[in-house]
Amino acid sequence: MYKKILIANRGEIAVRIIRACKELEIKTVAVFSDADRNSLHVNMADEAYNIGGPLPNESYLIGDNIIKVAKKAKCDGIHPGYGFLSENAEFAEKCIKNKIDFIGPSAEAIRLMGDKITSREIAKAAKVPLVPGTEGEVKDDEAVDVAKKIGFPLMIKASAGGGGKGMRLVHQMSDFENSLKMAKSEAKSAFNNDAVFIERFIQEPRHIEIQILGDKKGNVIHLFERECSIQRRHQKVVEEAPSPGVSKKTRELMGKIAVKLAKKVSYSGAGTVEFIMDQKENFYFLEMNTRVQVEHPITEMITGIDIVKEMIKVSSGQPLSIKQKDIGINGHAIECRICAEDPNNNFIPSPGVATYIKSPQGPGVRDDSSLFNGYEVTTFYDPMLSKLIVWGKDRNDAIKRMKRALEEYIVLGLKTNLGFLNRLMDDKDFISGKLDTGFIEKHKKLLKVPKENLEIASIAGAIILDSASGEVETIKDPRFTPWKYIARRSSLSRNSMF
Amino acid sequence: MYKKILIANRGEIAVRIIRACKELEIKTVAVFSDADRNSLHVNMADEAYNIGGPLPNESYLIGDNIIKVAKKAKCDGIHPGYGFLSENAEFAEKCIKNKIDFIGPSAEAIRLMGDKITSREIAKAAKVPLVPGTEGEVKDDEAVDVAKKIGFPLMIKASAGGGGKGMRLVHQMSDFENSLKMAKSEAKSAFNNDAVFIERFIQEPRHIEIQILGDKKGNVIHLFERECSIQRRHQKVVEEAPSPGVSKKTRELMGKIAVKLAKKVSYSGAGTVEFIMDQKENFYFLEMNTRVQVEHPITEMITGIDIVKEMIKVSSGQPLSIKQKDIGINGHAIECRICAEDPNNNFIPSPGVATYIKSPQGPGVRDDSSLFNGYEVTTFYDPMLSKLIVWGKDRNDAIKRMKRALEEYIVLGLKTNLGFLNRLMDDKDFISGKLDTGFIEKHKKLLKVPKENLEIASIAGAIILDSASGEVETIKDPRFTPWKYIARRSSLSRNSMF
Amino acid sequence: MKYSLKIGKELINFELFPENNGYRIETDEKKFKSELIKIDSNLYSMILNGKTYTIALKKEGKIIEIFYKGETFIFEVPSTRDKSALENASGIDKIVAPMPGRVVKVLKASGDKVNEGEGVIIVEAMKMESELKSSIDGTVTEVSAKDGDTVDLGAHLITVVADDAEE
Amino acid sequence: MKYSLKIGKELINFELFPENNGYRIETDEKKFKSELIKIDSNLYSMILNGKTYTIALKKEGKIIEIFYKGETFIFEVPSTRDKSALENASGIDKIVAPMPGRVVKVLKASGDKVNEGEGVIIVEAMKMESELKSSIDGTVTEVSAKDGDTVDLGAHLITVVADDAEE
């Protein structure tokens, strides 16, 4: 087992990995940019080193510097988290060359599954169902014919893409050529690569993904699915496991297919095979993420398996600690990503300083957060503040618990999606479980702040106005000095019924 | 199901019950003493009413006033929590008379099991094993003969007792008569009742208890055992489930016996049958607690059953939602009671104001707390600040997680047992699982603060001294204005390796 | 005492009467009996007509920021001039930068007619482009930014005036 | 700069040298390279010889309260008189109330001889009785409480002076 691991990341995922290491009695080394000196991950690690400027390409993306720190601090492993260098095959190779384990799959597996076109080819070879479409870059001269063959609606996507850039939905032939041109130009400017491919557009699609875990002995297991259909700006907001739309039969089939695909590239560590599924449970391979995922905790909650610890153990050479047949689904878990963003303004990120924070607690609630009073959301990094996860004995129980936990959450100083998430948990369509990736678009009423909330807030505002200092205390000192009290027992009539 | 429940309690258990009600979509009414206006339970409930002075017998113990509030606020149930009125049969009766459900067992069951001597008689009739001893009050003239028959060491205990008052351990005949006199006089002054009984003293005893749940249809199930042997001042500090000292066979037997006993009094709601067990797994009935217990969360963690919700449901007339055969043990859970007390001074309570609080978070951690910045521990109530509960896939996993969580806990302003608990999690005897109620006495070294900790603290103190204001910022402004930053990229060398 | 609070373009009026240990509050439509207790640096417990509410708030100068049930409300204490201005000037939309960022493209020039909901400028921040829209039908009267500018939070970008508004 | 801190009866001496963005700290035995950053109202992050520590602290007048790893340390800034007094007066045990409570029984009277570890007074608070003990062999020189008194935190109860100590 490792003695000391460097965490090449920041924010909640760095904190998550540090917690796993502490529980495995492994020492941790944090790295931080100039903007992150006062972050939680720096505080919680055993050691911490500055690695440069606040922009990612000045610090968290400079693999060579991170490896230098790891060597100097005598680390025997580097955990990349998600984002940054986590799916960088070259970095994985360099770690190994420097005799430091890259805690993740082999560089080869990252390379093969990282490219959308290559991974599609591997999936095809493994007989994984694919969305009908071109099998590689579509050439300009064949594009129209291909589009006709696939049929409408169809989607044009950038080969090197991600996050919605270089994507175009086309409903009819007459829009096709113009959309193709725009997608290519967007792809060119975003990724310096104008290759695009075309595929069938699935109506009311659900985003379903299978968590897999592999070891270096060739064992691969799956930990069932997650449903991540509640999205905005093509990014996940709410995830749950298991999916309310996946039957036992489909679950087993998807799991088997995901394991088969992972074995094709001798996958080790944690990974996710993403599928798009229609409302009749037809599913098609989307892509594979060769790293730990933001939403991994919901799978941990329903299986009892600590995915991050398991990643570390298998990377150090240990076999998987569990077998497929021993894994079952226990209850239901939901994750909400609490983000500094404005739901009333197209979920635009809302940087600023969190003045005051209060986290939910109590049964079945897990808050994976990097928040503290004074935490600043900068434009350098993702505006995610926290992952709020709940477990319930069934989906309904989990939804009610999430609502309770969201109501306990206080974040003063930033605009967040807390209110929106709060109302989502009360929405009858969400409760019914009929989800698709267009859910938020179709439920714009959830973005509206109820008038009662404004009323309550403005009354509090009015009372504060009445106090010059802004510090209202209608009882001058709500604390009692008990021994004095007993002597002068006085009867206070505040809100009393007697 | 209930529409609105009054919670006749305060602190973390009131908060726990409010959370359960919210998740069941039941409205909640809090009551508070003059000392508790700014407490968490007042904030979290839907309504809150002042019921009198800070001393329990001025507020939380006045059942009639509480029933008045419940009627005025149109509550259909009252949850008593633990302590205060929870085991008061008369109060339970009054609730029912006022057509408000008492959420707990029948007044009859409380009365029968509440008295130690009666409950012993019922246990005897149910063939529950009892510690050899007198079956009722021992008369002065027969005491010496009885003591000889039972044998030494033996224990003299107050019939009406609790919390160690009126208890005496006697090792030899020559001490017996004097000890008897002292126990009786202590019992007289503490409970106004000098009745005592005598029983065999179990060497290196473990405190093992079985959680049971019953409904109003006559069904009773058990949720396995909890080990509560780590005690100070005869009060529990650390509890775990399952017990590392109970075999599968003993577990089943204890469970069966507890269910049998509960059925004898037509028990409904949550209850606990407490046993004393020697190191060879011989166990004897101690008493039954006819209420929800402080340590109920560890059972919730390993069974997935929400005990408080279940109590509310069965009280409203629903049958138990689970059957005995469907309940299994999943992993291991530990609870630490974080208390405002001084381990270096015989765990003496340490009142004061908690200036600054930071709670642990992350996987497998549950913090049932009533803390907030500014929370005051008064001498009116129990000094328990929080129940920190962790779940792990096995006992070792749970211990490491508890250690990690304890390290994350920050409570500034009060003396607490956090440091002691921290060291306990590292103790090889604790880790080995060989526990008994004398554990802390035998491990006094765990009370000692390590010299390194003082060193670290004093260095921080020295740096703060150098700053007149007490506000040290070696970087003047750790926050960046990103857009300015990009223009004037400067290289900071703080703790940098390059 | 009478008080007003401004939120967005709306003005809310109250009258407060101290009563027992709390207040009676009257708005144009409703009456409330209220008590507000400070619990922590920014945390308050409010009891309103018997019901309890947890609220976090920060008061800085004329700005009161209130967090309630997942939402942040930013109130402003209106000046006397504000009050009269507010009543007349609802026909002016001053569009400002919603966060620090870069101007990608200014879509309208001074004198251009715009419709309600029409985009007037595109800004980029945190790797995302956003089109800012006019909230009224009117004419662009002022443009303070050009393509490629980096702008701070709240920086004025474009003003649209309704054709029937008086500035 | 040279500094001292008093904890209990112990005096700790340091020398601080500002260095880069932090300090070099020297005690009688060790040297440290340190940096302390404020994160929250009372929360600090310390990097000491490369290792990180999370510390909460409060400074009020001459009292510095520090929370580290589950333990609360209360330091006092010693006055010059304190420093000399501390060196000589280790033979005096001034017993004070460890919390607000009630005196159950005063066990010793002025002039009584007591041994180290011997109980001198019983106080009750939070439903628990505690016997306070002398930490030295000596003679009771002063008794400020009587049975049944209610006492505040820190109130003087009894003083024991070692037979060879100079007061």
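We just call them A, B, C and D in the order they show up, numbering each chain from 1.
Following the convention adopted for this analysis, contacts are C-beta pairs under 8 Å (C-beta built on N, C-alpha and C of every residue); 3 or more make two chains touch, one makes a residue touch a chain.
Computed from a prediction, not measured in an experiment: that's the story for all the values here.
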Hopping only between chains that touch, the fewest steps from chain A to chain D number 1
What chain lies farthest away from chain D once each centre is taken as the mean of the Cα atoms?
C
State, to the nearest whole Å, the distance from the C-alpha centre of chain A to the C-alpha centre of chain B.
36
How many angstrom between the C-alpha centroids of chain D and chain B?
31
What is the distance, in whole Å, between the centres of chain C and chain D, each centre taken as the mean of its C-alpha atoms?
53
Two-or-more-chain contact residues of chain A, please, as numbers and ranges.
37-38, 44, 48-49, 358, 372-373, 379, 407, 475, 478, 482-483, 486, 494-495
Scan chain D for residues touching two or more other chains and write them down.
37-38, 40-41, 43, 47, 50, 54, 100-101
In their shared complex, at which residues does chain C touch chain B?
37-41, 43, 45, 47, 50-52, 54, 100-101, 150-152
Name, in rising order, each residue of chain A that touches chain D in their complex.
30, 37-38, 42-49, 73, 372-374, 481-483, 486
Looking at the complex, which residues from chain D come into contact with chain B?
1, 3, 5, 7, 12, 14, 16, 20-23, 25, 32, 34-38, 40-44, 46-48, 50, 53-59, 64-73, 75, 77, 98-101, 125-128, 130, 153
Hey, which residues of chain A end up touching chain C in the complex?
163, 233, 342, 345-346, 348-351, 355-356, 358, 373, 379, 383, 406-407, 409-416, 418-422, 449, 453-454, 456-466, 470-475, 478, 493-495
Which of the residues in chain B come into contact with chain A in the complex?
15-16, 19-20, 22-25, 34-35, 37-38, 44, 48-55, 58, 65, 68-69, 72, 297, 300, 304-306, 330-331, 353, 358-359, 361-369, 372, 376, 378-380, 393, 397, 400-401, 403-404, 407-408, 475, 478-480, 482-483, 485-486, 489, 491-492, 494-498
